[in-house]
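Down below are the structures I want you to see.
Below, subunit A partners subunit B and then partners subunit C, in two separate complexes.
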Partner chain A sequence: MRNEIIRLENVITSDVTKTNLNNFNLHLFAGEILGLIAVDEHGKEKLLEILYQNSSIRFGRIYFKEMLVNSYKYSDNTFNKVYILSQKSKLIDHLNVLDNVFVLKRGFRKYIINSKVLAQQFYRLLEESEIDIEINPYDFGDQLTEYQRCVVEIIKAVVQGIKVIVINNISSELSEKDLKAFKLFLKRLVLNGYGVLYIGNHHEEVFPISDRVALMKNGSIIKVFEKDELFEQNILPYTISMDKTETSLKRSCAEGKILFKGITTEYLKDITFEVQKGTCVVLYDRSNKVQQDVISCLIGENKMNTGEIYVETEGVRKKIEKKSWKHQIGVIDENPIKNNMYHNLSFIDNFCTFLDNRKKTVYISGKLKASIQKEYYKELGKALYETNLNKLGKTDLYNLVYYRILLQNPKVVFIAQPFTDADMYLRFHIIELIRMLKQKEIAVIILAFTISDNLHIADKFILIEEGYKKKEFLPEEFSDIQLDI
Partner chain B sequence: MKHRYSISKAIKIWIYILGIIYIFLLLMLLFISVNEHKYYVFLAVGAAGAVLAAYTGYFLVYRRNKKIEKICQLYIEGYITEEEYEKNVMISDMIDAVYKCQSEKLDKTKILNLSKKQAQYLALQNQINPHFLYNTLEGIRSEALCSDMDRVANMAEALATFFRYTISNIDKMVTLEDELANVENYYIIQKYRFGEKLQLKIEYGDDLSVLSFKLPKLILQPIVENAVYHGIENKLGQGTLKIQVNYTAKRLLIKISDDGMGIEKETLEELNTKLLTNSLEDITESKQKKGGIAILNVNNRIKLLYGEEYGIFIQSLRNVGTDVQIVLPVIKE
Partner chain C sequence: MEDKYRKNTLKRILSTRGMGQVITAAIGLIILCIAFGILNPAFTSSKNVGNLLRQIAPIILIGIGQSYVLITANIDLSIGSVVGMSCMISATLMTKGINPWVAVLITVICCLMVGIVNGVLVARCQLPPFIATLGTMTIARGIAQIVNNNYNTDSIGNAAKGFRDFFYYGKFAGIYNTVWIAIILWIVFNFVLSKTRTGRHIYAIGSNVDAAKLSGVSVVGTTIKVYLISSFCSAVVGLTICATSGMGTMDAGNMYEMYAVAASVIGGVSTLGGQGILLGTVVGAAIWGVLQNGLQFAGAPVAIRNIVIGVIVVISVLLDVVVRTGKTKKKS
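Let's look at the complex of A and B:
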């Protein structure tokens, strides 16, 4: 007999304009990790909401430990024993770990707090979870690394008596190494009777940890894979193909390359590699340090210790001076919708942000904007005329980010973790956008700490360990990458 | 005489008029208070009146009205069935009496009997379906020619057992073991027709007590039959049917999967919407739609016997396969 913790049965929810969850059926047993892959984002937020709180639903029933807690006939807005671990921290920054874990617990009624006793309890909980991590219980919430924060939040949930832990897309916050350790921690956790709903966008991430995996699309569960069905070929019919459809560049057009020679930064040590125009190189580092290091150098936060960047065309090598980096190197940060946008500006104003590279004056005339709108209307459509970015979907916003780079026309563009938080359709779209940059002869360098879909667009894969270049893989060797890493 | 407004709308208009009169009286009071410099009288009376009106209005009228409107809306959309008749909506004593009378008239056993009849009809149809008999006899004949008599005997035995189980006592409760045995019998019969093309796997773990759980008769076989005819028959190459059994403290969970042709998206949505509730719709439709009817029929029987929280749900993708999830209550005795 299995102990069922949560069951959603025929759940239909809707807001004013659309249906979120559409005949949604899912159940989670105690002691299992149920993977959930959202093919699209439709209804995901609502699912998290109704798991946490018994808010009104249009149809269906929700059971917690086989007791009816919410139905279309009656919703009492009470809270379920569900903890949602997401990218945004739920810890209070200016309270230490002990306060966050123990003092903020509902029902904690002590007037004199003995930190030593609480610290002992905290260490005991850490020891019981057999996790290899060092956490200072007196550190403040904002002093913790992402990995520490995730572990502390889970311990907080355990202390609160939570039965279901929802892991919502945290892979982009953790390095490959930390993610592996965290998954091991979750596996040990469920042995104590907890249920974990592990939400991810990619089957490569979700399959290895899960006992079952549910696929969600258009607000419904379209398939549940059992443990013995968790193979890549089983999920392929439910996904969209991301295989290469790009026509290979004519080498005559794409002649020329960018050379990175002896690059040494705070983390990187004497890295030398080259990238052909119109091709894509993935710099892969499991520790997530390359990404932060390179981006901070490019945007001028940190300095590159040694090393030069050259452009080589027809055998003539020309150095790119640091002062002209801004004009010749494009940067797309991780999660660009959040990090690379001015949400109080209109679409066209955001679109023209980098135009000062090509136009000397700061002022961009309305006439020029109108001309740009006319030129890009075919690709970007009505979104070009939108004044409020919040009204646009993710596809339009990613179009803005990538077409803006096209307008900037740099020699090389650095993209940090391009597929973070993207559902399957959006990932496909991002691949198309990166292919477009390649077609326009822009060299693309992806800074990644997860392999994800990067191999679909990569022409070269460089493995970095401890700051040193360990190995280079060409497309015909990509199948060996999994084995090597 | 035909009235312009419904009674509820008329009540609302009347309340608005009362509200306007109340506000008018308050203004009068304000005017008097200002003249006599006694603002507190106005404030106290006005605030107390407003709080009382809001409080009583919310609890006595608004919340109940909302609930009734939600039930009506769901009923119109077809989500609610007979259970709502059992609810006391308390509009007025007279209307409630009418409501109760109406619910008695809707005899839910009518649907149950029709479902049973439909199941018997399908069973009889199996018995006399010439294709079914021809294919089966053809199998027996070819086996008689090509092999020893043992196998023919097995086949005949399987056929006899299958018919015996299918036709008798349709409303009887059986054990899961009996149901699975019947499915295996059906598989043996179909195996003579499909050969290695058809494979069956049954998984119920190490806990054998699940086999003694009771369930209504002929819940699994119609769905397996559907999977064979609509899923695997038209598929090129081998097809596998998988039955997985699991259970919790209150629920028996049975998943019947096939890797056959799958169901078109629109048809699937339509079917799943119909499976949300039980109804007479589709039960008496033509035999061309037999596949859908069999599932609807099984779903109707489950919902009528055990309530709307039990039943069937389907997940499917064209050219990939179909999973039919059956949820039943755990009945040990």
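Let's look at the complex of A and C:
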């Protein structure tokens, strides 16, 4: 008989303006990995909250190990034995692994700390988990790799006596190789009676690891797939197609190209490639190093050691000088809503951030802003007049990020992991936005360490390993790329 | 099971986070001592070294308190005023004929009250620490003034000889008691910070308060503790000043909060929280003391001394910020 760890029955939650979870039902058994694919983000945050803490719900019941812990009648705000592993570290950067795992634990009794004893316990735990990873227990939280951080957090959860581990969209933090090893670790973990709720946005990522998969939409579970139903064709009716609907520019017809010649940075080594205007190149690096490396060069944090960037139009090659990078190269960082926004400014002020690239003026008049609002109203709608960005949805905010690039009008735009944290609808929208940039003849370079979705918009795929360009794939060769997550 | 990552004691000490800054500061201190010794040989005389240590001891004490607070990513601006309050309350009580040790006890309790108020305002009421302690700074200074009707006290007299010997004039093993007090308190508070659960909680709060809360750390309780320690150290310094001058002066401890910040920051305690060791505070206080003393020996006017110390503090903070922001991001 399977032991149930957590059960959510007909749960309805709401905040002031909207219902989050709507008649939500979920069972998680000991020793299983339950996948959860959120078609949209609706209610996901609330779900994580009520799994962790018994905060008030409008209707329904929540059972933990078959004990009623929360219901519409009574919520006591106590904590459940649930650990949520997410992109944001819960480790203390300035304390070592031992302190993080053992000392910062509810109920740690010892007042004087003996690191030697704790280290022995840590080694024992690591050995029991049978994971092939080297972790120095004396390393500080900020010295760990993302993979090590995830493993340490799980060990911390185990030490705390946690029964349910929620993995919330960590694929964007781990390289492909690490993600694979981490999944193996989780599979071994559940054999010891833990329950894992694995939340991801891509069925390609969630299906292989899960025993069952629940599909969540509008705050409800719309379908649960059993193990023998975990095939791509079963989920297709619930998803939206991201196949090309555009009449993409043919590579041979596009006028001009951007040439990157002999680029050497801290990580990249003598990389040469070209991207034609209106096309998209994916620079794919499994180890997740190229993204940070390139972005830090572009924004001036690091220097490019050697290499040059040229624009070639009608056979005439012109170098893009470093001082004009700001005007000719656009950058969209990973998670741009967080990293590329000024949340204290209005939509239009954010929108006009790069306008000085085109208008050599320090003052952007109200008249000019009004003119821009009028010009873009058809595409961006009422959001253009919004003064508080927090009132806008993710779609509007992504519109702001990508249309702002359009206004900047660079020759080439670098986009880091564009689909991070995006649900299915948002991913579709981002694809549309990137296609829009391509149609405006802007060259797009995506810096990626996961493959999913990038192939829908790529015209060329460049595999980078250890800083060197290993192979280039053209669309007709994309099927040769191993999708292994 | 073999602990292959465990280093030997020396390597472990050297690899302590923040030790790099302490070693750098210590090298700077040695260079300063050599330079001042060359400029004026009297600087290295045993008499001056004894006096210098006595000068540095109070700065170490207030530096310890401020370091605790800074590591939690807060600040305590009330330190100087609590020093003044301690000096005035103890002196006033002694001049009224109260037993000096009872007066000491009452003084310490009064000063600890300020620490509790600081901790509650910052942690419980969520007031910005700068504003909260600015308020208590003014209040404490007001108390220091009001306690003897806006006058400095008379001499605390011969009845307090034991008190004066204990805090200032007495010697043990050839070293002044003031220095011993600083050494003993440093050992105790260093142990608490580096070897105990409370110490880890202090670092955790300063490094990532949200993660600390999720790990079950009592942020309010720990913050109150660090402000209590800060106030306790200030109270001891106030008592030392009272013992030194033999009377209560209303402006005692004026600007001491800044000296405390300077000692901490020069010694590598981060103003951004989560980082720093008390050994650094000792070095920082020593640099401050050596600069004051050495520049005086070199005949530099007060203004120049202040400028030099100010520049060193700014450079120290700048180094901290550069080290933090320039640190290589997480290994991929």
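The rule is simple: the second predicted complex is superposed on the first by the 478 of 485 C-alpha atoms of A that agree within 3 Å, B and C clash if a C-alpha of one lies under 4 Å from a C-alpha of the other, contacts with A are read in each partner's own complex, and residues count from 1 in each chain.
To be clear about the criterion, a residue touches a chain if its C-beta (ideal position, glycine included) is under 8 Å from a C-beta of that chain, and two chains touch if they have at least 3 such contacts.
Computed from a prediction, not measured in an experiment: that's the story for all the values here.
Clash-free side-by-side placement of subunit B and subunit C is the outcome of superposition onto subunit A. The superposition places the C-alpha centres of subunit B and subunit C at an angle of 110 degrees about the C-alpha centre of subunit A, rounded in steps of 10.
Within the superposed three-chain arrangement, the count of touched residues of subunit A is higher for C, of the candidates subunit B and subunit C. Applying the stated contact rule after C-alpha superposition, one finds that A:124 touches subunit C and leaves subunit B untouched.
Once chain A of one complex is fitted onto chain A of the other, the partner contacts of A:112 are limited to subunit C, with no touch recorded for subunit B.
When the two structures are aligned on the shared chain, A:66 is found in touch with subunit B, with no touch to subunit C. Looking at the shared chain after the overlay, A:273 reaches neither subunit B nor subunit C.
When the two structures are aligned on the shared chain, A:222 is found in touch with subunit B, with no touch to subunit C.
By the touch criterion defined above, A:428 reaches neither subunit B nor subunit C. After superposing the two complexes on chain A, the closest approach between C-alpha atoms of subunit B and subunit C comes to 20 Å. Subunit A meets subunit C in the complex at residues 89-95, 99-100, 103-108, 110-113, 115-116, 119-120, 123-124, 127, 136-138, 140-146, 149, 175, 287-289, 292. On the side of subunit C, the complex with subunit A involves touching residues 1, 3, 5-7, 15, 17, 195-198, 200-201, 203-204, 206-208, 211-212, 214-217, 274-275, 327, 329-332.
Note for the complex: subunit B touches subunit A at residues 70-71, 74, 79, 207, 244, 246-251, 253, 272-273, 276, 309, 313, 315, 317, 319-320, 323, 325, 327. Of all residues in subunit A, those touching subunit B in their complex are 1-4, 9-10, 23, 25, 27, 29, 59, 61, 66, 72-73, 221-224, 226, 237-238.
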